[in-house]
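Dropping the structure in here first, questions after.
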Amino acid sequence: MQTHEARRVEIIIEAPMERRLAEALTGAGVTGFTVLPVLGGSGRSGQWSREGQVGRSGMVAVICIVRPERVDALLEAAFRVVERHIGVVSVTPCAVLRAERF
Amino acid sequence: MQTHEARRVEIIIEAPMERRLAEALTGAGVTGFTVLPVLGGSGRSGQWSREGQVGRSGMVAVICIVRPERVDALLEAAFRVVERHIGVVSVTPCAVLRAERF
Amino acid sequence: MQTHEARRVEIIIEAPMERRLAEALTGAGVTGFTVLPVLGGSGRSGQWSREGQVGRSGMVAVICIVRPERVDALLEAAFRVVERHIGVVSVTPCAVLRAERF
Amino acid sequence: MDGILELARQNLISPIILSFALGFAAALLRSDLSVPEAAAKALSIYLLFAIGFKGGVSVASHGIDATLLASLLAGVVLSLLLPFAGFALLGAMTRLPVTDRAAVAAHYGSISIVTFVAASSVLSTQGIAAEGYMVAVAAAMEAPAILSALWLVARAGGHREIDRDLWREILLNGSIVLLVGAFLIGLATGEPGFSRIASFIDAPFQGVLCLFLLDMGLVAGRGLLRTRAVLAPGVLGFGVVMPMLGAAAGLGTALLLGLSTGGAMLLMALCASASYIAVPAAMRVALPDANPAVSLTLALGITFPFNLTLGLPIYLAAAGWATGG
Amino acid sequence: MDGILELARQNLISPIILSFALGFAAALLRSDLSVPEAAAKALSIYLLFAIGFKGGVSVASHGIDATLLASLLAGVVLSLLLPFAGFALLGAMTRLPVTDRAAVAAHYGSISIVTFVAASSVLSTQGIAAEGYMVAVAAAMEAPAILSALWLVARAGGHREIDRDLWREILLNGSIVLLVGAFLIGLATGEPGFSRIASFIDAPFQGVLCLFLLDMGLVAGRGLLRTRAVLAPGVLGFGVVMPMLGAAAGLGTALLLGLSTGGAMLLMALCASASYIAVPAAMRVALPDANPAVSLTLALGITFPFNLTLGLPIYLAAAGWATGG
Amino acid sequence: MDGILELARQNLISPIILSFALGFAAALLRSDLSVPEAAAKALSIYLLFAIGFKGGVSVASHGIDATLLASLLAGVVLSLLLPFAGFALLGAMTRLPVTDRAAVAAHYGSISIVTFVAASSVLSTQGIAAEGYMVAVAAAMEAPAILSALWLVARAGGHREIDRDLWREILLNGSIVLLVGAFLIGLATGEPGFSRIASFIDAPFQGVLCLFLLDMGLVAGRGLLRTRAVLAPGVLGFGVVMPMLGAAAGLGTALLLGLSTGGAMLLMALCASASYIAVPAAMRVALPDANPAVSLTLALGITFPFNLTLGLPIYLAAAGWATGG
């Protein structure tokens, strides 16, 4: 099948920052993203789990598939949001179907 | 460790289409896949979130790890299902342990 | 933006083995990981779904972003845990922001 | 007229309506208040089970009314025909493309079980009885509208075949199966069965409904915020005109069937309400080009609150007047 | 015999059994009806808490029976020994590999708390009392069977060491801790504590059980559909023969202990039932080569419905006859 | 003194406290018992809705007390000032960095609604009435402390601007909106509204609280296990000293306001308790450098159990003595 080069950016970020990240991404011209729930994890600030939690706690994983030329704008927007916060940003090269959507 | 070349295909698709996608993948000889829940997202058809929803709404993310030579059959099968639907298909090169499983 | 080479390791493993995997990863010097819930899937042992389940059943997806030089230690640790169990381990090259965190 | 206003006032200050208003207001104020998806689904399972069961018990104790079968059939016919009215009305009032018009029409031909529940609770507050089998009529009206919508699209050139899987998804949709199944269980176990679980399905019912309506208010309010852009005045107008039209059709049918005042009001509420559980999922599969935001926001953000606040008192007054109850 | 049939009939048309049947049928019809995982877990937490608490309150008010300790010990021994019977029976009836036989045997040595709850509710419908501490016996029987299964595999050459983590996971499994903890809370607070929360843990109990059984019906039905292939006739037969054998062992032990009719029936139900919460997770850790689908489908798809529909009336009749109750 | 001890004893063997203890013990024993996130959130929605509604109904039937506004204002002032006391105390007792001290102080200036609920239930067990509007005071005290914490950090050089979004998140936090909204619904519908949903929000309340406290025990216990390392003795000490100090401030204010014994005790409980819902999320946004584990473990692992077991009886005794009740 005809595929097109793209980038998969995965941002694992604190749930209370999700809305700010979404706004930053939209501001940076990202046409779409998907938010996955996170059950728990471990990092320098220790281990945590969502079990039994009541508040808007924990983290979420935000996945954006973008054209290669948009990655830099996206990363800069994302970085401004995560900068002072805990979170992980990774970029993977990928190929997509239906490039006109990105 | 001994690893083997493979492809990670990620299909973000509307939840009501999940069963049809599963059948198409099985039909295309895919030996396994994993379905992750999706909390929400944003795209050309606007923003959405699963919070408080009652019906079989929203999207899911389906991950298939396959041998490189199977990718084309998989993409064709997946494409027939997502074609007229909203959804995102991406392919990333990866390496796997235990290649005999794929 | 300044990015750094890294690896994204994704381990799909049975939920009852999650704690053992976490301990093995920590033992192998992995500084962080994130656990995503899994809704269902299909493999050689058949299809399954988490819907309506009561026990600690099903699978989870564990994501670790690590420096390239740590991948081997990680894979060996992970392999000792998944070895006799069902589960899938894949490694994808990626780039990360804030390399000092990994 | 005074009667309607007094009824509307009483209706408006009930905990149920105010809970919906609270959710709606919280969403419009962009509060982060939210009900987890699993909790919302659990509440809806409870409501469907309870309402189905109580309907079955009622039929078991009052006996199967002669009009039961006629009412079921009438429900199917209404569900099949209302989409045509809706489709035509949308053509007149809006510039929506054909597929969107068909999808919206399917939602309005089908029913909203929570509107039905709210109507039942208005009746029980007023001490008015209704035919227990109206629950079965509600179940019968869920699916047929979908077929009409597909036929409308096919006629307009966008042929869609309904494969076996889609048939099953439509007819064995979870909410239909649960409603019908609980109805049959109620029918089989009757009063003795009811008394064993009444303190679960009856006593807390109104309270559970409050929490469910809180959630629906949140979802409706958020939906409205997100899709303001696509909702032209004509589309919004449809969300109020169509339920009135549906209610009129329901009233006419109720008179033909000889239903009681309560039964007539319930049938009006069913015709006036729009689906937001079974039909949306079916539309995503069958008419993927239709914009889901339009139907859902109309059904949940306009028509549902309209019915809940003004519609139900009007329908009750009209039913009372027409049946001479 | 007539008594059993009448009891079976009464039992079959209870809302509880019919709810299970509804879920089962919905699954076999491939309806998309489903209970969210979080809701199913919440229901099971409620049931474990309520049943444990009520057991504790009952012991608090009737005093600690002389046979309490003996019954606990008997439960542990039964749970340890039944897997050997199950393992041998599987060897005779099926061609399952050793590890699968051991895993299945562990499930049947352990217990199903919902079967216990259903048995209690048959008793309370019939107005038959039972020893309150049977809940504690249920908790005591959850884990020992796992050890027997591991020993059986080790004997067959597949040595497995039980590390400290596994010990903890087995003995402090969530359902055991909740059941025992609630029992102790009930014991400590007694009737005054019970009266404070009775309208939560007692009044709605039967209704909550209906929804839980609806979910179990769905899970059991889907499990059967998915694993039809692996279930040979011998395996299916085991799912009916083994509970009868377990019930017989339970009845014998109950007579030795001098339990009441109700207590004997509960012990039979415990022995006859198979675990689907605690044991499956332990087996995944300890015996990863065993096919989880076999055990779960047998326990949930064959033995649970058998016990629920035919088993319980038979056990009650047998217990009544043997204890002269 | 004997009165306090007897009260403490009675309090300790209530199902509520024992449920918390069960969860706490299960966590420390590393059992895998857990309540799904969605279920825990659903329980908290139920509790907030019920407590708010009942407060509103109580105000509707007793009329708006002259001290209502004064109490609301006093609550805001207490919530603004307590963080300064907390910040200073942390400076004296611990070596925590400024940002952590400010974040912890914000938690203690705000309130824990479950502590409030537990205090109410101690009062109702003792048959002591309290002002219904204390629920509104609780809501008023949730947010102001956050502002003080941000001011404290700003003064120390770590300037933080509060953007519009943050303002909204703080003031329209889900738990505040639900509590205030349910209060207003209760106020509007009064006794008639209450009687319609009492069997949902009143009868099962204590039981639901048990399950919620079971969950809180699990979360608190796991939190303690995970963050043992960061909790120096001074930090732990703060978790007991600060609530006593807060309670004293609350008592003084209650006397100034002329509250009843019950009202005084509730205000003490509010001042003595620390937030674990609204404030943590706000702190993650506004003070990301603060270690969330410190605040949460202190609030949930030390102060909450202290208040629940020893604090509440002490506060009630002190309130009774000071108000002459």
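As written, the chains take the letters A, B, C, D, E and F, and residue 1 is the first residue of each chain.
Throughout what follows, contacts are C-beta pairs under 8 Å (C-beta built on N, C-alpha and C of every residue); 3 or more make two chains touch, one makes a residue touch a chain.
Owing to the predicted nature of the structure, the values given are computational and were not obtained by experimental measurement.
When the partners of subunit B are compared with those of subunit C, the chains appearing in both lists are A.
Path length between subunit C and subunit F in the touching-chain graph (shortest route): 2. Comparing the contact residues of subunit D and subunit E by number shows a mostly separate set, under half of all numbers used being common to the two copies. Work out the mean CA point of subunit A and of subunit C, and you get 18 Å between them.
Look at where the CA atoms of subunit C average out and do the same for subunit D: the two points lie 45 Å apart. With centres set at the average Cα position, the gap from subunit C to subunit E is 34 Å. Residue numbers of subunit D whose C-beta contacts span two or more other chains: 32, 34-39, 41-42, 169, 174, 199, 203-204. Contact with two or more other chains is made by residues 36-37, 47, 56, 92-93 of subunit B.
If you check each pair of chains against the touch rule, the ones that pass are A-B, A-C, A-F, B-C, B-D, C-E, D-E, D-F, E-F.
Within the complex formed with subunit D, the residues of subunit F that make contact are 36-39, 41-42, 45-46, 49, 53, 168-169, 172-175, 177-178, 181-182, 184-185, 188-189, 193, 196-197, 199-201, 203-204. Within the complex, the subunit A residues that touch subunit F are 14-17, 19-20, 45-57, 84-86. Touching subunit F in their complex are the following residues of subunit D: 13-15, 18-19, 22, 25-26, 29-39, 42, 125, 199, 203-208, 210-211, 214.
For subunit E in complex with subunit C, the touching residues are 34-37, 40-41, 44, 165, 169, 174, 215-216, 218-219, 222, 226-227, 276-278, 280-282, 284-285, 288-289, 291-293. Those residues of subunit C whose C-beta lies close enough to touch subunit A in the complex are 1, 3, 6, 8, 22, 25-26, 31-37, 60, 63, 65, 92-98, 101.
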